[in-house]
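In the two complexes below, chain A is the common chain; its partner is chain B in one and chain C in the other.
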Partner chain A sequence: MDNLPQIVSVLGDGIPETVIATLGGVLLTIVLSFGAGLLLLSPSRTARGVTRVYVEGFRGTSEVVQLFWIYFVLPVLVGFQLLPLFAGIVVLGLNHGAYGAEIVRGAIQSVPRAQYEGAIALSLSPAQRMRRVIFPQAFVEMLPPFNNLFIQLLKSTAILALITVPEVTRQAREVLIPNYGSDTLLIFGVTFVIYLILAALITLGMRLLERAASARLGRRPSRAARLAAKATAGVAS
Partner chain B sequence: MPPPDTTESTTEPMTEPTTEPMIVFDGVEKRFGTNVVLKDLSFTVAPGEHVTLIGPSGSGKTTILRLLMTLEQLDEGTISVGGRYLSHELRSGTLGPPREKYLRDVRKHIGMVFQQFNLFPNMTVRGNLVEGPTRVLGLSKDEANSRAEELLDLVGLKEKIDAHPTQLSGGQQQRVAIARALAMRPDVLLLDEVTSALDPELVTGVLKLLQDIGDTTDITILCVTHEMGFARDFSDRVMMFDGGRVLEDAPPDKLFTDPDHQRTKDFLQAVLDH
Partner chain C sequence: MPLWDWNYAFDILPDLVLALVTTIEITLLGSVVALLLGLVFAVLRRLHIPVLDQVLWAFIEVVRSTPLLVQVFFLFFVLPQFGITLSAFVVGVVGLGIHYATYTSEVYRAGIDAIPKGQWEACTALSLPRLRVWTGVILPQAVPRVLPALGNYVISMFKEVPLLLAIGVVEVVNEAREIGSLTFRYTEPYTIAGLLFLLLSYPASMLVRRLERRRAAA
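On to the complex of A and B.
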């Protein structure tokens, strides 16, 4: 326990890298998820086909191998090497964007057909239907699975240790273990806690977003209203 | 164009021969897979006329409304509304498949109220009412708002303007849906079993509202309903469907008291017994 302050301090030095990798990865994930998710629903067969290749390609291969490709193989092919952190963000984003695309596609498809028909009956254009009616309803459905995905992404940042990014896991393995070899339990114990706290922060953020989005759909009062309606109906009959 | 007499009905069509019909179905066929839902269907509806479609489920009544709202595409024949083709687009003298932009323009004149209301839960009542007028008809926010308030007053829900649809009862939601359809000032209004999803005690209010709208506007109304009492009071004409064809087409007094076909009698009896 004597070395706890040093351990926390060295791991703490890795937190900014972990957080930057996570935020960068999340940002790229969001962009790719919505882009690819909408393309999966495109009327164009070519657009769907190309997107499908991206999704299956990145979902179906190892994230670690993808990382090695972009960091070690790409330089051989194009002649320059990406910065480790940047290469890491690109892989995290591409990989999780492939999963996110399915979340977006699934959520949009889960909006009842009746909502499209209501929008057609008001003569809204296809773009207006999507933007004004379908997407806002699908968005709420996307938030819980995206919460999962972002936590997965946070945990995946540990693989950036393999390409020398000095994030939390690399700090533990490369800096602390050689120096405080007898404190393995403590080192990886604190490492665990750091990921746990960061994951909790992601969940907190997503919950707040979910609450705001649900309120816009009038969902909270609805349950109360339905219960109230049920209760009064019971009294009346 | 006179409807061809495919029904062996002895009743003359009620349309005024001097006015252009608002709705024309000509030789319409609609199939779902191998199932023929409508077969060689031809009829016309005059401007301002109230026509109720009755018949056993699966007889194609709702499909007629859905074809008119362009929610389905037909397989044979043509449909026109207000003198313009709905099923086809007339381009350099030939009929072709309608393009989205053309359809949107034709749809503006048609409103529909659905069995399940289909209000948008991501908007307030006000949002639901101003969406079409502002984005499709190009009304200003103020104009659309005052139109929304006026219509909510008509349907008796002025105080609910800022509520979410989910906070309303079924009957209230349906009245908002009716107001939403009217906000587009349609020439034709389609009512698809609008009271079927409502609790019995809420049905009367909605039917009374529709009766008021029928009495005070000149909107052409096509209505699918199982409320025979309402059909009788509301309609100028009732069409009895069976197996995708018009079995009988008559004024309500005739059709409900002295139908020509045994099939109609049996159907009415079954509905009354229910």
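On to the complex of A and C.
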């Protein structure tokens, strides 16, 4: 227990890298999910085919292989090396974007057919149809699965330790284990707590977003989203 | 030097395939742990035993929200201090198994919740013993419906095995890394490793999707 302050401080040094990797990965995931998700529904066969290859390619292989490939193989092929953190963000985004594309596609397809027909009857243009009618309804459906996906992404940032990114897991493994070998329980206990807190923050953020999105549709948010809003009611105002 | 050397690629293929066998072994053994332990978790939580219920809930939440890699390190570095030393291979099987048991327990729970209330009531009416209710009535109906979801988790486990290179398990990616460090050529080993994953997991996920559609149609 005597070493607790040092352990917390060394692990704390890794938190910015973990958070940056998560946020960067989430950002890229969102862009790729919507891009690829919409392309999967495109009328063009070629667009659908190319997107399918991306989605199945990244869903079908191991994330560690993807990471090593981009970090070790790509430099040989294109002649420049990505910074470890940047390579990590790219892989996290590409990998989870492939899963996110299926979420987006599924949510848009789950909007009832009558909503399309209603929008056509009102002679909305295809763009208006998507932006005003279909998308807002699909968006609410996407939020819970995206919450899970982002927590998966947070957990995946640990593999960046394998390409020398000094994030929380690497700090624990490479800095603390060799120096405080008798405090392993404490080291990994604190590590677990850090990830739990970060995961809870993601869930809280997503629940608030879900509440706002349902309110926009004039729907009642889910029970979990209401509880999250209640818990932060004092903080937000 | 060419970007891709076919002779080299064919030379290293046997070693990579051999390492793939280790990957598959860990996947299968880990799946056995995950599928059985997940079922135990699901049934125990359904029984609502005070204290145990809360402990189990907390355990599942912690395991689900923290990285598998950290859990693997935990088993590998912490357990020996308590006199339990496991080989890297066993740590891999146990780590993957426990991690995915928390996911499969949710799948089983959904399957059990989907059983109509009348089935439970009929069991009570027939005054079947507790054990028979589970083994004879509930599980035979609940498990087949969730098979596709369980299959997806087995495929996910397969793709997570390479994490274990961090504790020295020689699976495909670690083998690729070792080959690369001997020859200073990484393109072929890592590319082949990736293709091997795709070769197995893509058909497997197609199979699961077909199963899913068959269930949906039935």
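The rule is simple: the second predicted complex is superposed on the first by the 220 of 237 C-alpha atoms of A that agree within 3 Å, B and C clash if a C-alpha of one lies under 4 Å from a C-alpha of the other, contacts with A are read in each partner's own complex, and residues count from 1 in each chain.
Note that contacts are C-beta pairs under 8 Å (C-beta built on N, C-alpha and C of every residue); 3 or more make two chains touch, one makes a residue touch a chain.
These numbers come from a predicted model, not from an experiment.
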Field: Contacts of A:34 with chain B and chain C, given as first, second, both or neither
entry: neither
Message: Which partner chains sit in contact with A:128 here, chain B, chain C, both or neither? Use first/second/both/neither.
response: first
Message: Which partner chains sit in contact with A:86 here, chain B, chain C, both or neither? Use first/second/both/neither.
response: neither
Field: chain B versus chain C as contact partner of A:137, first or second or both or neither
entry: first
Task: Considering only touches as defined above, state whether A:216 meets chain B (first), chain C (second), both or neither.
output: first
Query: Is A:180 contacted by the first partner chain B, the second partner chain C, both or neither?
result: neither
- request: Decide which partner touches more residues of chain A, taking chain B and chain C as the two options.
  value: C
Message: After overlaying the two complexes on chain A, where does the chain B footprint on chain A coincide with the chain C footprint?
response: none
Statement: Interface with chain B, chain A side, in the complex: residues 114-115, 117-126, 128, 132-133, 136-137, 216-219, 221-222, 225, 229
- prompt: Where on chain C does chain A make contact in their complex?
  reply: 3, 61-62, 65-70, 73-74, 77-78, 81, 159-163, 165-166, 173, 176-177, 180, 186-187, 190-191, 193-194, 197-198, 201-202, 205
Message: Using the touch definition from the top, list the residues of chain A that touch chain C in their complex.
response: 56-57, 59-66, 68-69, 72-73, 76-77, 151, 155-159, 161-162, 169, 172-173, 177, 182, 184-185, 188, 191-192, 195-196, 199-200
Field: Sites on chain B touched by chain A in the complex
entry: 69-71, 100, 104-105, 107-108, 110-112, 114, 116, 118-122, 124, 131-132, 135-136, 163-167, 169, 180-181, 184
